[in-house]
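One chain, chain A, appears in both complexes that follow, with chain B as partner in the first and chain C in the second.
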Partner chain A sequence: MADKIRVATTSLAGCFGCHMSLLDIDERMLQLVDLVEFDRSPITDIEHCTNCDIGLIEGGVCNSENVHVLREFRKNCKILVAVGACAINGGLPAIRNYMALEDCLKEAYIDGIGIENAQIPSDPELPLLLDQVHPIHEVVKVDYFLPGCPPSADVFWTFFTDLLEGRQPKLPYELVHYD
Partner chain B sequence: MYEHLETAEQTENLKRVVVDPVSRVEGHGKVTLLLDDDNRVKQARLHIVEFRGFEKFIQGRPYWELPVMVQRLCGICPVSHHLAAAKAIDQLVGIDPENLPPAADKLRRLLHFGQVLQSHALHFFHLSSPDLLFGFDSDIAKRNIVAVLAEYPEIGLQGVKLRKYGQEVIRMVSGKRIHGSGAIAGGMNKALTKQERDYLLTDVEQIIEWAQGSVTLVKKVHRSNLPYYDEFATIRSNYMGLTKPNGALELYHGGLRAKNEQGETIFDHVDYCQYNQHIHEEVKSWTYMKFPYLTALGKEQGWYRVGPLARVNNCDFIDTPLAEAERLEFKQHGGEAMVHSTLAFHWARLIEALHCAESIKTLLNDADILSSDLCHQGEKRYEGIGVIEAPRGTLFHHYQVDDNDIVTKANLIVSTTSNNTGMNESVRQVAAEYLSGQTLTEPLLNNLEVAIRAYDPCLSCATHAVGKMPLQLELVDAQGQLLDRLVKHSDGELEQGL
Partner chain C sequence: MSKTIRIDGKEIPFEEGQTIMEAASAADVYIPHLCHHPDYTPHGSCKLCSVQVNGRNCTACTFPALEGQDIISQSQELQEDRQRITQMLFVEGNHFCPGCEKTGNCQLQAVGYYLNMLDNHFPHFYARREMDASHPDILIDHNRCIFCNLCVRASREKDGKNVFAISGRGINKRLVVNSSSGQLKDSDIDVNDSAVHICPTGAILIKRQGFRVPIGQRIYDHHQIDEVALEQESESHGR
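Showing the complex of A and B:
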C-alpha cells in the first residue's frame, strides 16, 4: 500500500478535544487505517517513521517544551496542519495573555483556597513557561488550518479523503463554522 | 509504603534517569529517578510540567460563560467540567440541587452517564486494552487499537461503538459531541425530543450487553495474571468519592465519603460545599500538580485516591442490578474491605461503564426526560460550589462573583490532582520493586507507563499517549556527564548507547 499517507499527531497546549474529535469518525476508523498510517499518535504506533506526510498539531504554544516539539514536527512532516482554535489562534488558553503570568501562578499556588506550603513550583525539571500563549504559525510555517473547537469528525474525514484522492483539500461551508 | 523515595536524603553522587515525556498530563509529565552506584532507586518523582492558569484567567468573565469555558480544560471529559461548573452557577442564581427542575436534573444525569460511558470505553479499549490483551512487554507495534481491531475485531469494534454511543447520548442532549452546551444556571437549555429519545433507545440493549461483555473480558484478564495484577503498582490508600444518601454509587450528586485502607469511615455524607474544611492542597516545588489531602488526617497520612476504584470500593451498593452483581464479585475477589490493586482500576472502571449503560436505559424510559420544564431561578448568591464524580474521580469547581456577576475567584481541584500522590506512590512502588538494582530496559519503561495509565489521568489527555510517544532515558552522573542513553522510538525500536 504505497500510497498510504503517514500521519503524526500531537497535543501542545490543547485540551485533547481535537484528538477526541478525530476518534469521533467512529467505525470509519477501520477505513481510515486503510488509508492512513499513524506515526506518533495516541491512536496507534504501528509504523516506524521519522518522515511523515502530514503532522497534525492541536493546541497552542505555552512553554519551551511545546516549541521544541513543534519544531521537531515541522522538520519531520511534509505538510503541517494547525488543528482547532488553540493551534490556530491560541484558543481559550490564550486568555491568559491578558494577565501577567506571575499572577496566574500566584493564584494557583499561593492565593488559592486551602493551599499549604504555598510556593510557585520552580524545579529545574519543569520547562520554562512562555509569558504568552502563541498560535503555532508564529513559531513555524503552517500549511493548512482546520478550524473549529474542535473541528468535527467530518472535517478530519473530508480533509484526509481529499488529500488521499489527490485533491486540494476543500471544506464545504457547513463544516467550517463555530458554535 | 514508598514515600521515602520521594526525596533522596543525599542527592550528591546519585545518577539521574529521566523518562521524558512519560505522559501528557496537562501537556507533559515526566518521571525522574535518582540512582546510586548500584542502580538502587533513591528517589522517584512524577513531575507534571505544564501549567495553564485557568483559575486566574476565568476571573473577569461573566459567570454564565463558565460551563462553556471550563470544558476546554479537557476534551475527554468536557461534560464533567461543564456540569461541575453548572452545579456551581446554579447556586449563583439561588438554585440548590433539590430545586432544580426534575427534567433538568435527569437530563444532566443522562448527559453525564453518556460522558462516563464514552470516557471509560475510550480508556479501556482505545488506550489500555492493547497492554492488557497482548501483555505489557508485547511487541510495541501491537500495542494499539489498530492491532486490537485486527486481532480481536469483535472486541475492538464493540469498544469503538460503546464509545460512540456515549458520544451520541452527549450529542443528543448538548448539541455537540465535544464542548456542547446543555447546562445553564438553574437548569438546561433544551429539551430532549421524543425522536432523539427513541433514537437512543434503539441501541441501548445492545450497549448494555456489550458493556457486560467488557466486564467479563477485564475480569478474565485480571484473573489470568494473578498474583501479578493484584500486586503490580499496588498501594494501600484512603479513598474518597461521592455516594448517595443511602450509600449507593453516585456519579452526579451526593455527599462526600472517605474511607481508610481498612475500609473504616473517615467521614461520610459530608456536604461538598464544605469541601475546603476537609481537603487542603499542598504545593511542592517540583511539579505543577498540587497534592490534596484530607485535613482530618494531615499531610502525611491524609492522601487519598479517587476514581472508579475509589467509588466502587467506597459505595455500599450499586443501584443497577447487573453492575451490582459485578461489584459483589469484585469485592469478593479483593477478599478484604477495600481492593487496593492499582490494576483493578480497569475492572472497577468497566463495572461503572455497565452501570452507566443500565442507567441510561432507565433515564430514557423515565417520563420526566421529555419534559420542557427545564430552568428555575431563585435569589442571587455570591458563591457557588459544584462537585461531580468525573470519570477519573471527584471534581471540584468553586467560584465567587461580584455585584456585576463577574467571576472574582475560582478554585478547581480536578480529579487527576487528587490521584497525584497515588500515582507518585505507584511509580515509586514500581521503581522500588521492579527497577531498583536493574539496568535500563524497555520493560522497565513500560511498567512505569502501565502504572500511571491505570489511573487514566485526565486533562490534556494525560498519559493516554504513553507508549505511543518516543521516550528517552538518560543516565547522567552528578557532574552532568552523560553516561548512558536509551531511546525508545515511536515504533518501539530501542537504541542504546551514546
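Showing the complex of A and C:
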C-alpha cells in the first residue's frame, strides 16, 4: 500500500462543530485511519503542522493568530480545504462585522448582564482581534470548499473517498447545504 | 401550425407574445431565475436567466420568443456565469444561512444548490444594513434583499398599494417603504398582501412563523428548485 495520506485540521473562528461532524462519520473512521494519518489536529494535539497532503480549516479569520495558523497551513498543505460556513463566508461570527469592534468588546466584557469586575482583556499573550471577521479565501488561496453549518459527515466522507480514489471531489445535490 | 423555438436542441412551441422564459416553462424546461415570477411584469434585473439566443446573450424573462430562435441555456459556460452572478448576490448581501429563518425555503439558496455553488468566490462586502421590525406581523431584514423588485411589483400590481420601491444605486441601493416615517408600521401593508409572501429570500418575513417547519424538512431540503419552479410556475405560463 502506498503511504498514508497526511491530514491536518484546525479550528479558527469556529465552534468546533465541523470537527464534531467529521467525527460523525462514525465507524467509517476505522476505514479512514487505515488510509489517513493525522498531523496537527485536536485529535493528535500536535502544535505545528508539517508537510501534509490535506489541510482542513474550520472557522473564519478573526484575530492575528488565525492569520498565522492559516498561513502555516497554506505553506505546508498541498490541498487546503475551507470547511463549513464560517471558513467560507465568515459565518455567524461575521455578524459582528456590522458593529464597531469597541462596541462588541464593551458589550461582552463591560455592559453585558451579570458581569463582575468589568474590564476588557488586554494581556499581551492574547492575539490581537481584527476589526472584521473574514472568510479564509480572503487571506490564502483555497483549493476546495465544503459548505454547511456544519457540513454533514457524508460530505467529509464523499470528499475523502473521491480524493483517495483519485477522482475530482464532487458533492451531489443532496449534500450541498449552507445551513 | 404552432411556431417553435429550439432550446438546447429541443423544439419548443410558443404563442405570439410569450417570452422565452414563458415558452420554456410551459414546456417544462427550467431556466434559472430569481427576479422573474409568472404573475408579474418581467423585470430583468438579476440576469440569472441569461441564455444565448442565436449567439447573443439575452435575459430569457424579458426577451420575446420568436420563430427560428436557436437558444442555448444549459451550457457549462452559462451555468458558470450564473454561478458567478449568484456568488455576487451572496457577497453583496449578508447571507448567513445558518442564522436565517428562511433557510431551506429560500430561492436564492436553492439556486446556489442547483448550480453546485460551494463558495462565494469574491471578497465579502459585509454591508451594514438595518432591520425594520416595527410592524407587528412583518419583518424586513435589509441584509438579505437582492433587489429583485418582486415585492414592489406585487404591491403595485396585485395589492394595488405601492408599499415598496427601490432607491439609490450600487452598494447604497435599498428597499424603501412608502410611509411618512419610512417604517413598515406606518405603511398600509397587511400580512395577507401578496407582497409579503413573494420574497425569494429571507428579506421580508412574517413574524412568528420562522420555525413552524423544522430545518431539514423544508422545501429545498428535499426538492431541487427546477422541479419546484416548474411545478408551481408552468401552470401560469401555459395559460
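A few comments on the model shown:
Rule of thumb we're sticking to: the second predicted complex is superposed on the first by the 169 of 179 C-alpha atoms of A that agree within 3 Å, B and C clash if a C-alpha of one lies under 4 Å from a C-alpha of the other, contacts with A are read in each partner's own complex, and residues count from 1 in each chain.
Rule of thumb we're sticking to: contacts are C-beta pairs under 8 Å (C-beta built on N, C-alpha and C of every residue); 3 or more make two chains touch, one makes a residue touch a chain.
Since this is a predicted model, take the numbers as computed values, not measurements.
Contact with chain C, but none with chain B, is seen for A:Y173 once the two complexes are overlaid on the shared chain. Of the two partner chains placed by the overlay, only chain B lies in contact with A:N66; chain C stays clear of it. Of the two partner chains placed by the overlay, only chain B lies in contact with A:D24; chain C stays clear of it.
Once the two complexes are laid over each other on the shared chain, residue contacts for A:D123 go to chain B alone; chain C is not touched.
In the superposed model, A:G55 makes contact with neither chain B nor chain C. By the touch criterion defined above, A:I95 lies against chain B and chain C together after alignment on the C-alpha atoms of chain A.
For chain A, the partner touching the most residues, choosing from chain B and chain C, is B. Counting contacts as defined above, chain A residues 91-92, 95, 98, 149, 179 meet chain B in one complex and chain C in the other. In the complex of the two chains, the chain A residues touching chain B come out as 10-21, 23-24, 26-27, 29-30, 33, 38-49, 59, 62-63, 65-66, 91-93, 95-96, 98-99, 101, 103-109, 112-119, 121-123, 125-127, 129, 149-150, 153, 179. Against chain C, the residues of chain A that register as touching in their complex are 82, 85, 88-92, 94-95, 97-98, 132, 134-135, 137-138, 142, 144-147, 149, 170-171, 173, 176-179. Note for the complex: chain B touches chain A at residues 24, 27-28, 30, 32, 45, 47, 49-53, 55-59, 69, 72-76, 78, 122, 126-127, 140-141, 143-147, 149, 157, 160-161, 163-164, 167, 176-179, 181, 276, 279-288, 290, 299, 398, 409, 411, 459-461, 464-465, 467-470, 489-493.
Interface residues of chain C, counted against chain A in their complex, comprise 90-91, 94-100, 103-104, 109, 112-114, 116-121, 123-124, 126, 128, 215, 221, 224.
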